[in-house]
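All chains are identified by letter, namely A, B and C, in their written order; residue positions are counted from 1 within each chain.
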């Protein structure tokens, strides 16, 4: 890294329990400005809990969370500048595409020409301009997810928290969204935590990597560390493809009956 | 095979059973109101229409019905939303989880009777007020039953409709993921009041609109409750029709059918407008 | 705070029903007493010994409501499928709302003339036919929520396995829809059971049901018999509530709700 980066998010010793069960134990991570941390984890490992705890949507047992150098532990969700993006896009069903994207601005009392000036370019950037008057019910999965992105990005949060946002999309839409996310998040310079159970997606999107298992968060020092760790699943994925290739190579030699 | 081809007989039946009587009734009320039939009818005439349309009582009654229906429904909506958001899961547990269904077992005619016994001059509340020293005799108790403002009718409807709306809103709150939407709005910077006003209420009212519009239609056409505990005047439209139809001499009967025609046209138009708006919503238009 | 609110709400739900019970057991209850001075159970005794004139009214109500419920449910089930397979199903479902928009009084008054011609006025059959229009329309609205692509595939599977149409109905569709059909039976029973306007207009004073009685007692100022009548009217729905809460809510909400039946 050439230029020094600020610290977008710092989590120290974060523990969360729900109904007496420890879901997250002493999790810690540091995320630099403008970077994306991909966290791998199977379902039930505490991914959602980690994100919701950072967003302030869950009560926390102990720990410290700092966003852009500011402790936010005692702040309500709306003052944390961290937007949580659900697995499904969860758009406001009573608002059209434009109003969904504009929601955060309207909350802040922005209206009229300024609102238009800020929402229009966002719709253009996400290729949603033609759909501005549509209701969420009339959108495809990928379109909905783009609206959810626009709605989050427009308030220029310090942090995006993404909870397997593309897992419900078909493969093609999914690849499109992955590329779009890289471009848009890069352009806006917003730090993000991206949780997924797909190793390929993590490698494609992440600048930093983490592994969440049984409530324990392990953060890798670099990409190489992530690639090398057997627990991350990268080697398993590689082994699978190696086997496929060797089987394909053998196949023509088998006699036909 | 019949099960795979559009089955004509099963479409004919509803058309016949519902459309048939509706058409018969429609034609009959129109013809009767125009003097085409009827025991004392002197022949085709517009006199009944002229009489009814120029009678202020007609319009007062229609407006009064709209007012009573809207007031009953609005009160129930506000109260039901308040209950759902302040009690939450408590509504589904313990005694209250069962008691909330209790008003659903009460027919309108019983609700009217109960309102009289609870809020009437010698009713239970009046007795309590006396024991507390607030009033000296039944006449001192404010007129709620038989009130010109329809307070008794509104109270009875309120008691009947609120539990339905509580159950409806509670279900919508879960089905429409209202709590998740509210959380999301919070992370986007909305305050508690803003999440309620800009997210929870519009989402739930929007989703409940089909049910709410049918309730409104049913409440506007209410008969038993206003017949039991409504004021002599103004009277709700169903009661007015009943009075013209049966209470006085046969001469007013054509007027009753002018009223039924007028009322049916208004309500069916309202129903169609509601439906159009709903189809638009389903198509994803604004 | 929440507990207090829940308590107050519970109280406001119990008091009216408790008042009915108290009223039906009262001998003397003059203003301003909070509780009756003297109690009695005579009319309940007479009712259960069969000597009360409430017995024929109860029987009449039961007979009419049972007939309306059975016929309207049996016919609305196949009819709802016919409607749901149409491209313009929405228009026909709107048609099913029409009787409610026109209101029972309007429809009752207007149909009376036709019924007079058909010699159906002032008769139990006429009242049942008029109530049937409403119950059938309601049944269609409720049962149309049953038909979806899953059910249609199920029909296809049964047909490929060799089932004839009648067998598909009896062995696949009816068993699968049984919970919903139960709700429909119960609700259409209540539509008839609770009805006053149609009995009044079409029955013309000759058909004697519990709602008619309640109104008469109320007009005559006999709160005790009116309360007894009211409790009799509430007995079937209360029974339904004890059996299954869904019997009472489903569909009366006039909203497409999913049925996990």
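Following the convention adopted for this analysis, a contact is a pair of C-beta atoms (placed from the backbone, for glycine too) under 8 Å apart; a residue touches a chain by one contact, two chains touch by 3 or more.
Note that the coordinates shown come from a computational prediction; the quantities given were computed from them, not determined experimentally.
A.B. asks: Name the chain with the Cα centroid closest to the overall protein Cα centroid.
C.D. replies: B
A.B. asks: Highest contact-pair count belongs to which two chains?
C.D. replies: Counting C-beta pairs in contact per chain pair, the top pair is B-C.
A.B. asks: At what distance in angstrom does the C-alpha mean of chain B lie from that of chain A?
C.D. replies: One centre to the other, that is 48 Å.
A.B. asks: Between chain B and chain C, what distance separates the C-alpha centroids? Give it in angstrom.
C.D. replies: Each chain's C-alpha centroid was found; their separation is 17 Å.
A.B. asks: So the centre of each chain is just the mean of its C-alpha atoms; given that, what is the distance between chain A and chain C in Å?
C.D. replies: 52
A.B. asks: What residues on chain B touch chain C, complex-wise?
C.D. replies: It is residues 1-4, 6-7, 9-11, 13-15, 17-19, 21-22, 24-26, 28-29, 32, 37, 83, 86-87, 90, 95-96, 98-110, 113-114, 116-118, 122, 124, 126-128, 130-131, 138, 159, 163-164, 167-168, 171, 175, 208, 210-211, 214-215, 217-218, 221, 223-224, 227-228, 238, 241-242, 245, 256-257, 260, 263-264, 267-268, 270-272, 275, 279 of chain B that touch chain C.
A.B. asks: Which residues of chain A touch chain B once you look at their complex with the stated criterion?
C.D. replies: Where chain A meets chain B, its residues are 55-57, 76-80, 82-84, 86, 90, 92-94, 96, 103-104, 106-108, 133-139, 151-152, 155.
A.B. asks: Once bound in the complex, which stretches of chain C touch chain B?
C.D. replies: 2, 5-6, 9-10, 13-17, 19-20, 23, 31-34, 75, 78-79, 81-83, 85-86, 90, 92, 94-107, 109-111, 113-114, 132-133, 136-137, 140, 155, 159, 165, 168, 193-194, 196-197, 211, 214-215, 218, 223, 226-227, 230, 233-234, 237-238, 240-241, 245, 248-249, 252-258
A.B. asks: Which residues of chain B touch chain A in their complex?
C.D. replies: 176-177, 180-181, 183-191, 194, 198-199, 202-203, 206-207, 281-286
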